[in-house]
Structure formats: structure tokens, C-alpha cells
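Each of the next two complexes has chain A plus one other chain: chain B in the first, chain C in the second.
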Partner chain A sequence: MKLSQIVKKCQLEKIVFSVDEEISSGYSGDLMSDVMANARANSIWITIQAHKNSIAVALIKDIKAILFTNNVSIGQEVVEKAKEEDIILLRTKKDSFTVSGEIYSMMEDKTAKD
Partner chain B sequence: MSPQLILEQAVAQKINLISVTDHNTIYHSVLACKQSENMPLKVIPGVELTTREEVHLLAYFCNIDSLKKMDEFIKIKLPKERNKSEVFGYQLYYDIHGEIVGIDDVLRQTALIVGIDELVDFIHHIDGIAIPAHIDKNRFSLLSQLGFIDKSAKFDAVEVSKFMWRKKEFLLGNIYDGFPVIAGSDSHTLEDIGLFFLENFNNTIKDFYSLKSFLGKNKK
Partner chain C sequence: MKNSVSREKLTLVNELIYEIKINDAMTKKVVFFTKDATFRQIQLKLKEKKISGVPIIDHQKNILGIVSIDDVISAFDKGYVDEKVKNYMTTNVITVPKNFSIISAIHKLEKYKIGRLPVIESLNNKKLKGIITISDILNRLLIVTQSIAEKIEDKEIKNFQRSKKLIDATAQKIFKFDVRGDDFNNAGQAASITKKYFKGLGIEKDIIRRIAIICYEAEMNICLHSLGGTILVRIDQQNNAIICASDKGPGIPDVDLALTPGYTTASEKIRALGFGAGMGLPNIKNFADKLVITSSLKTGTELKAIVNLGVKK
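Here is the complex of A and B:
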């Protein structure tokens, strides 16, 4: 599924958005070590952890986009690092439970239709 | 930041007692202890561990053998992954002369697969002391990860950041939320060493045993 579809349907805020990427899965988690162990490549990562380490984790796991929840504030150094490393950053006012549910349904629907 | 340079800097700054606590590894802490034998300062064997909850926990020991037992436990509980040097930098091994002798390619910037209470119990089991690190910081701290300090936890003390230590004008012997409080310099470069230290009145704390006994006396 294209990220742009997710952004549109869930009304996500684009913070850093270079190229529209194809996403094959999602992961929801706030512990770096957990995400490093379990997230998959070409995924969207839903988290409240808006800091530079998150960019490092996304790089390691080849996560295409990070979606920050609860309208958390994102420091300028995080934005700069994401631009440097071509990681897409999105944000939403919604909490992780809600937005994960929405994205999950979208992806499940698509799988059902394919 | 080789152990040799750390010790020289500490001596130059007139510090009597230090501990070198690397993340999830003991190699240079052991070297620093050995190297300090002929120098006018004492080094307590130590390590900074990351629990499963991503809380940073300091562990101090009476001797190198105990620290090595801690390392055996670290080896079992560390996920078997390689370091990503392009993201975390190179983890270099130094010898006692400060020469680079190797690269540590184990991923250390991660959490051990053990919860904080079990880790504290293990540290006590091998006669060490367990102190959650920089509890006031907004990352990797007891408060950031667990929300509050469990008053029934078996910590020997809590460590606050040097900023909080100064702000609250803490002294050794003070209590914070039911636990004796200390602070570390959090030195990550040689220039940091000596900028922050704890006043050791009457030289009460000289080594691991006096530290343990001092903290034990002040526990509520």
C-alpha cells in the first residue's frame, strides 16, 4: 500500500516526506529494543518516541516511515536527521491504539481485495 | 577515552574515587581497576546495564571477579546481534597503554533480556550494589520508563543527573523518595572529567565497602 493513501485516509500530518513509499506492514512499539527485534523492512512504525534514536532504529530495520502519535513535539534535530537519511516522518493527534487500528484495517482490507 | 587517559585526567583533577561504567560491557572497567593499582586513586569495578524496560541501572562491585560474574550474566542476557557501526559508531578496545587493540562488534546499545527486579536480585546475589541511573532524565530512566519509583524496590540508592543534584543542592547522605541519592558526572569525554564530582566529607567513602556501608546506613 502506498504511504500517500494512508496519509490521506488517516489524515496524517507530513513532517518529512521525500518520496511516496510502498509499505507492506506496520509495527506499533515504544521500546527501541523491541522495535529493533520485531519490526520488518518496508514498514510504517507507530510510536510516541520522537527523538534521534528513533531515526537510527528506522535505518537499521529499513523502516520507511515513522508515525508519531499523541501530537508529540518533534525536535528540529530529529527532522534534520530524517531528511538526511530519507526517512518519512508523519504525525497524528490520535493515540497509537486508534491510528494503528485504522492503518491495520486499511491494510487488511487491501489484502482481502487483492 | 582509553582507561589510561581517564585515570590520568581524574588524578589531575584530584579525584580520589571513580568508577568506569560502560554500557553492557566490562572490559575497560576491568582495565581501569588494574591500571589504578599504582596510582593515587581508587577505581570501583562497575557497569551500566540496560534492563528489558530500557531502564539504565548502575551496578558496582567489590572486585574484578564479581564484575566478571556480572559479565557472564550479560553475555547470556544480551540479544545476539552485531553492532551497527554506521549508526552507533565503533566500539574500540584499548590496552593499558591506550593503544587500540580491537573492535567490539557486539551490539551493546540495546536492552538485556531481563527485567529490572530480577537484575537487581542478581546483582545482590553476587554481592554488588544496584542503583538506577539518572532517574530524572526523560529517557532510559526509572521515571521515564516506569512512571514512578517503586518504594518497595531493593535499590541501594538512586542516581540523579548532575543538573538535579546541583539544583536541589543535594549532599551525600541525602534521601530522595525513600532512597539514598547520588549523582554521577556522566563523563563521556576526557574534558568532562572533573567538571562534576561529589564532595566526600572526611573522606568517608574510600572504596566499594565504605560506599556500600554508607548507603546502607542512610537507607530508610
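Here is the complex of A and C:
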């Protein structure tokens, strides 16, 4: 599924959005080691951890986009790092549970249609 | 095909006859006639093209019937060889849709004891698309098995080249990263660079990911829990990636306890950033093929993780 579809449907704020990537799965979590162990490649990661290490984790796991929830503030150095590494950053006022549910059902619908 | 012994051995062919579509095996250039052709015209064509039958179609290319060499012989015999075929041809034509697997063509050829099958667009659309014979099928099977064999050969060559590259790399490169204690912002560098390096060597994605995770967790451990240290990454003669992390202390009092998932000594501050969940060492253990940790409260901790690169020597 294209990221732009998710951005539009869930009304997400684009912080860094260079390429409209194809997303195949998602992972929700705020513990780095948990995401490290369990997130899949080409995914969207839903979290409240908005610091430079989140970018490092995304990079290592081939996560395409990070979606920050609860409208957390994002430091300029995080934005710069994301631009440098081509990681897409998104933000929403919604909490992780709500937005994960929304994205999950979009992906389920998509799979059902395919 | 009737021999059960040889059939058992041909498992690949047995799979392929279900996979290959008739469309990919059939002859697309078909000799055909309309119903106004005479048997004599057809007989000349059969002789010229050395074929044994032709489909008869209407102006929309829908199949109406078929005329075989037997029909031509009958026409000679009974004296209507100069008449139009429309009153005499076989109209009950056995056909097969082009998107079916070749197994259905084989079944029909065997069942009706015929040499060729006209291929149509679909079950509901009788438009003639081609013709298929047993030799078309054998031909296609040979081509497909050959390309499979070539792919296997290719892969072996690639594997060989890759391992040569690795051995060369072994001689040259040892990565060394200094990791400072408490320096969150730069942590993750060793893992990133290591990942890029192995990617360049053409190592399998999953293996790279495991190496990167190990590097990352080792790096974070030095950063979060120690006074600083180093990470060394190299490839040994057996084509294993060796990740060595050592720090200057303070050392782990009980290594087994530290390897227990969920056990942590991290501060509130560290945990608020999403670290210190007691999963770092267990992650390393899970993703490494081999892990050795030695720790002393005097000299610090040394961790050595080995990941097989999955490349033949």
C-alpha cells in the first residue's frame, strides 16, 4: 500500500516526506529492543519515541516510515537525520492504539481486495 | 508417460505440467480454412505444410469444426473431394482454453487419441488462438527445465564470486568503532556502517539484519551501561562475521542474570527513551549463531557474537 494513501485516509501530518514508499506491514512499539527484534522491513513504525535513535532503529530494520503519535514534539536534529537517511516522518494527534487500528484495517481491506 | 517408474522420478516435470500455461506452449501461427474450402484445397495444404489436420473457422475466427487427413481420405473414397467441407467436417471439436495448464491438454490428447488440439480464448469464447500438439508440450518442458538449470548454475557462480570477495575483504578490513558512555545521539553509527558494508558484499538480507541488530544492541549496551568502549567487526577465515564489543567497566556481576529477558539495571531516564527494557542481551543471543560473554568487575565486559554469513568457503 502506498504511504500517501495512509497519510490521506488517517490525516497525518507530513514532517519528512521524500518518496511515496510502498508499505507492506506495520509495527507499534516504544521499546527500541522490541522494535529491533520484531519490526519487519518495508514497514511503518508507530511510536512516541521521537529521538535520533528512532531513526537509527528504522535504518537498521529497513523501516520506511515512522509515525509519531500523541502529537509528540520532534527535535530539529531528528528531522535533519531523517532527511539525511531518507526515512519518512509522520505525526498525528491520535494515540498509537487508534491510528494503528486505522492503518491495520486499511491494510486488511487492501489484502482482501487483492 | 505410461511407465509409472519413470513418472515417479520426474517430479519437476510433474510440477511443471501444472504450472505451464497452454498459451506459452502452443503454436500461435495456425493454418486454418473457412467452411467454404474444399477437401482438395485442404489436402494440398496438408501436404505442403506436412500437417495432419486443420481447424475450420468463421469470419470472427470462432472455431466451427476440424478436418483431418482421415476426413480427406473419406472424401476421396466417397467422391466428394471437390465439395465444400461445411457439410462433412467434424463439428464436435475437442478444444482447450489457452489459460489452462498443459496437463489438461495432455489429458485430452490421451483421452480422445488425437494428435492436436485447437486452443480457444476461454470456455465461453471459441475464438481460435493456436494449436497444441504433444511435441509443442515437450518442447516447452525442455526449454523451461533448461532455464531452471541455468539459473541454478548462475547462483553457484555468484556464490563463488561472493565468497572470493569475502576472503579478500577478510584480509583487509577490520572495523573499529569507539563508543562513548552516555552518548545517545551518536549511538547506532556502528550498526549503520556495518550494515552498509555487508550489503556491499552482497550478503543475504536476513543475515545482514541479524548482524546489524547485534551491533546495535551491543553499541547501546556500551553507551547505556558502561564507561565507554569499542566495537570491532571483522570476517574470519570461515566466512563468519565476528562482532566484538568490549568496555572499560564497570562489569556485569551476574552474566546469566543479565541474559534473562526483562532483567534490567537501567535508570528511569534511559527507560523513558525506550531503552533498558532488559531485551538487549537476549536479542543478541537470539540473533547470533554463537555468543560468548566474559565479564570482570575489575576490567569490564567483553562480548563476542558470531554470525555465519551463509556463504560457502
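As a working rule, the second predicted complex is superposed on the first by the 114 of 114 C-alpha atoms of A that agree within 3 Å, B and C clash if a C-alpha of one lies under 4 Å from a C-alpha of the other, contacts with A are read in each partner's own complex, and residues count from 1 in each chain.
By our rule, a residue touches a chain if its C-beta (ideal position, glycine included) is under 8 Å from a C-beta of that chain, and two chains touch if they have at least 3 such contacts.
Because the structure is predicted, anything quoted here is derived from the model rather than measured.
Per the definitions stated earlier, placing chain B and chain C onto a shared chain A by superposition produces a clash between them.
When the two structures are aligned on the shared chain, A:E77 is found in touch with chain C, with no touch to chain B. Look at A:A56: by the touch rule set out above, it reaches both chain B and chain C. In the superposition on chain A, A:A41 makes contact with chain C only, while chain B stays out of contact range.
Once the two complexes are overlaid on the shared chain, A:E108 sits clear of chain B and of chain C alike.
In the superposition on chain A, no contact is made by A:D20 with either chain B or chain C. When chain A is checked against chain B and against chain C, the one touching more of its residues turns out to be C. After overlaying the two complexes on the shared chain, residue contacts for A:M32 are found with chain B and with chain C alike. The residues of chain A shared by its contacts with chain B and with chain C are 31-33, 36-37, 51, 56, 59-60. Of all residues in chain A, only 31-33, 36-37, 51, 56, 59-60 touch chain B in the complex they form.
On the chain B side of its complex with chain A, the touching residues are 50, 52-54, 79, 81, 84, 87-88, 110-111, 139. Those residues of chain A whose C-beta lies close enough to touch chain C in the complex are 30-34, 36-37, 41, 47, 49, 51-57, 59-62, 77.
Touching chain A in their complex are the following residues of chain C: 184-185, 187-189, 191-192, 195, 205, 209, 212-213, 216-217, 220, 273-275, 277, 279-280, 283, 286-287.
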